[in-house]
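In the two complexes that follow, chain A is the common piece, with chain B as its partner first and chain C second.
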Partner chain A sequence: MTECVSIGIDVGSTTWKAVAVDSKGNILASIVEEAEPLIDRQTERALAELKAQVKAGDGVRIGATGYGRKRVRADLVLTEITCHARGAFHLTGKGGVLIDIGGQDTKIIKIGNNGDVLDFSMNDKCAAGTGRFLEVILKRLRVPFDEVALRFNKAVNSIPVSNTCTVFAESEVVSLVAEGKEIDEIVKGLHQSLASRVASLAGDIPPDSEIFMSGGVALNESMVKSLVDRTGRRIRVLNSPQLIGALGAALAAR
Partner chain B sequence: MRKEYIDRQKREFGRKVVISLPIHYPKEILTALDVLCVELWGPPGEISGNQAGRIQTYVCPVVRKALAFIAGGHASEADALLFPHTCDSIQGLASLLPDFGGWNGPVLRFIHPKGERRASSEVYLVREIEAFIAQVETLTGKKLEPARLSSAVKLHAEIDALKLRILKLRRNIDMRDSELYAILRRGEWLWPEDHMAELKELASKISDKPQKKGVALMLSGIVPEPMDIFDVLENAGAFIVADDYAAIGRRISSSSAELPDNPLQAVIERYFALPPCSTRSSDLAGRVEYLTGLYSQNGAAGLVLHNVKFCEPEMFDVAMIKKRFAAMNSPVLYVETELEKQLSGQLSTRLEAFVEMASKGGESE
Partner chain C sequence: MITRKIQYQMAKRAVGPFLMALDRWQSAQKSRKRKPRETPFGPPLQSVQKLKEIMTLNYFEGRYADGAVPVAWVTSGFPAEVFFALGFHVVYPENHAALCSTRHKVPEIAEFAERDGLSRDVCSYARTDIGSVISGKTPVGRLPKPDMIACCTNICQTVLYWYRNLAEYLNVPLVLVDTPFMYGGTREHHLDYVSAQLGEVIEAAERISGRRMDAEKLARVVENARDGSRLWGECLAISQARPAPWTGIDTFFHIAPIVTIRGTETCNEYYRMLKDELTERVKAGVGGIKNEKHRLLWDNLPIWFKVREHSTMTAERGFNFVCATYSNAWAEAGDLIDPSHPLESAAKTYTYVYLNRDLDNRLKTTVDLAKSFGVDGAVLHSDRSCKPYSVGQVDVKERLQKDMNIRVLLLEADHADERSLSGEQAEMRLLAFMENFND
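And now, the complex of A and B:
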């Protein structure tokens, strides 16, 4: 087996991710699991598992990112913004605009042709426009994740969810359900509303910039489709999108 | 501690106490008439009581929290309140306060001229300062003596010169930014001579060589609240090399070297020698020039525009400042806070990511 030189850990609000990489930045192994409240304990256990998988020695370097990054004993601690940019550039080898929709925040990162972060924007007020927003409303509608795409595609029309606040949006959805509106149409409208918010955060993306997507929400094809429709642009979802931050942390820690 | 200090000022020195809203007012007059000025920038933290709910939530938190504080009866130690003409919201608060209760004492006003220095604004300012003197004389029952005003002007000019030196040689002081700013901000409520003593002690710590390493940042905004913004930036590897906070740098008059003998004229000169400020409606092009100069002279590598949410005067200037710095390829981050007790996790991440970006994110691939 190729030698593991570093491990990146991304402690997100929804999921805990880690990747082990070799000296070329190839992913040797990874772990994705639901985030637990006791970050230290989860990190200790899951990190030991990953180290065992790749037979990593004590000298392996650790990079940490994500909202719980400061709770990790690491050689290097960087924000998700820098790490997602690092990870995306490593996979694509080019600059562009990266949309990362995570559990509690959404980031738009402009990456230069050498992989540097040139600029970024990020929601910092509440869960509006984030993965948590989708999660809360879909839970209220009792729509499991594996049914989302089916329902989205089945809906002929969409019912927009106008509230930006997650809590108010949940009340709005309850009212829509009480009025007898079609669940599928609400699901479609929900994704379109979120896409609209993300696109507004992204602002004007230059036509020559490629658009990439990372983060757990990139696994939701209805969300990707809504973003494509809203921006009128092609969006490339990166491989294993939820691992991009951890990959960036591992690469930075090498 | 602050309350004990204020009580002692009244008890031991017989001083009157004025609680002032931000930002610009002729403090020299208050000092000369033996009035301790305690500034009300919020206060930070949760709003207690329901008084703040009496004005719209889209009014700036400085005003909403000040209303909660005053109408909640917490200004009772003051002999008067002072409302400078900083913005419409503060003026509106002064007009509405009698309806909200919680304060029945005297209210002082200082309506400073807006815009650039002109012959008409000089004439206006003289009249306004004379009117302000009359208000404070009525409050204290004392007559303003020119000699005392001269001494007060000299004292405040010395304080400004010290602050200017401290900020200019910031790199050479081995002290965390949060500690340094805490000392600078104690001037918001200390008697000027006490503040001067603390500043002298701080200035004595200036060494010959730079003590700070990392990403040098310039901060511009209204007030550095929450104060943990400094710790977040410093822990991320940055330090403050230039200051344009309305509460700090924009109140340091650069006229300390040569002032006219006439103390009233000296107050006028000191006012017009203040750095550009959105709340004084300074010419925007001039303000942008001033900021780019401050930025480059101090070798800053990034600018953080730290605004108080809903501060309209400042918001009007932000777009042009961002545009100019973008044209210089200088990184700019715009953040808004609401006088919270501490920064949110997301806001901390934005600040840390900005430091990483300004330092090129460590090693690049």
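And now, the complex of A and C:
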């Protein structure tokens, strides 16, 4: 195994992620765990595990990002915006628009041809349009994650969920179920509604720029499909999409 | 009445100045004892002490003003020169609300207005001041009860409903100056319409105060207002120097005299002093921040309750807000004011204010400012409370990016209500914005 030079840690609202890279930026090992309330303790334990896996020496540099980044003892602390952009550029080697849907927020990042962040926008202040939104509503519908794609594909029609607020959307869904509406159709409508919210945050994406996707929600193929339908564009889901922020932090700390 | 007059004069001429002298002495003692703290800012402006004294004294006098002199509460864009010329004590509820915000008092005060039925979507200045009237809570001790209140719609329509509410709560007469919104330039009949209303305001103020307007005095106040506005503009323009001798954040505080005591000698004396100090700093190469690497423009009202935090965060990374459309708005009027035609020129000046003009003007003013101050980035505060200032910012952003190829951040917050800010997210945006500048 090549030598680990740096480790990037992304402390998100729902998951804790870390990536170890070599001097070329190749991923040597990674960890994804559910986020624990005591960030310091989780970081100490999981980081030790990762270090042991890659036999990292004391000289290994640590980069931190994510909403809990300040609680990590790191050599470099950067925001998720910068880290996601670095990670995505490293994997794609080109500019474009990155859609990152995480647990707590959704970010649209325009990346230049040299990897610079040209501009970004984020959803604001609430869970509307985030992974948390999906999670809450799916739980309310009692649909486990591994059934989502199946139900989505089975539904012929879709029932849109019109409320943007998670709290209101939850009660909207409750009444739809009470009215006897098809769960599959609600699941489909839910994804489509979320996709249209994300698309409006993204605004006009120039036809010549590629669209990439990162963040945990990119693993939800129904969501990707809804976004493709909504934007009418090809969307490239990056490898291990939930690790892109941590990868960016590791690369920046090298 | 006589006792009130004596109390007021004592507060104005003896107790106030004495307390200020005491405060000056205490500050000097403290700063002698205190080890200088490591900050990313340049040495503090000497004028700050004077500014503090002027503003504190103004609020202190205010406590004893009602019953001693006529009192008017006015909107920031009101032609208050007429009140100063008639010897009124003038209170600016917006300034008061900003002060409440810097002291983190808005949530507890605004809640009184919200309990009375005002939606959280209403401007936080309005909620704070109405809340303060209902509850009597204020960090300045006491606000004098007005004999009349005066509102000019040149900044927004909110003020109209806000002042109607105030008139009811306080049971005082309200005078209104309605300024037509300017698409392109003003037309003759617009100005006639506004001057006629100004005439009516004077009549009402004379009737309520029992005083007669002295034309010479009015001309003098108007002349002072013109000079004050010019002086303020000159102070701001000094930041075209590199490094800028003060920060845009400083300007948010030093703006207070031109807003609240515009037309007085005290205001102009202050800006002369400030201008001299800034000029000296430029000569000596002293910057508002220690290591100015990047120059930014700020758009919209300050986020009062976060001003210090945000400015420290930016200064630490070598970013200085060298200009702000908000501070600049008070410097624009200088050349429109004509003391020989006070009413006609006031009609024009107060109709031409920044927020009463169309988007084309805003786009042009912002780009001109950005160019003349040589900025390489801009932060546009999208203010949940102030809709008229925030609508159009996406266009402002695009124009700045297109014409100047600079980085622009839209930062969502509120100018006074901390409950409407997601602190973590705002901080993250600011940091992400700064991380991507090349040093």
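Note that the second predicted complex is superposed on the first by the 254 of 254 C-alpha atoms of A that agree within 3 Å, B and C clash if a C-alpha of one lies under 4 Å from a C-alpha of the other, contacts with A are read in each partner's own complex, and residues count from 1 in each chain.
The rule is simple: contacts are C-beta pairs under 8 Å (C-beta built on N, C-alpha and C of every residue); 3 or more make two chains touch, one makes a residue touch a chain.
Just so it is clear, the model here is predicted, and its values are computed rather than measured.
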Fit-or-clash call for chain B and chain C when the two complexes are aligned on chain A: clash
Chain B versus chain C as contact partner of A:M122, first or second or both or neither: both
First (chain B), second (chain C), both or neither touched by A:F89: first
First, second, both or neither for A:R230, with chain B first and chain C second: neither
Chain A: partner with more touched residues, chain B or chain C: B
Partner chain(s) touched by A:L251 [first = chain B, second = chain C, both, neither]: first
Contacts of A:N114 with chain B and chain C, given as first, second, both or neither: first
Common interface residues of chain A - those touching chain B in one complex and chain C in the other: 67, 78-82, 105, 116-117, 119-120, 122, 124-125
Residues on chain A engaged by chain B in the complex (per definition of touch): 67, 76, 78-82, 85-86, 89-90, 104-105, 114-120, 122-125, 251-252
Complex contacts: residues of chain C adjacent to chain A: 401, 407-408, 410, 412, 422, 424-425, 428-429, 431-432, 435-436
Complex contact set, residues of chain B against chain A: 331, 335, 344-347, 349-350, 352-353, 356-357, 360-365
List of chain A residues in touch with chain C within their complex: 67, 78-82, 105, 116-117, 119-122, 124-125
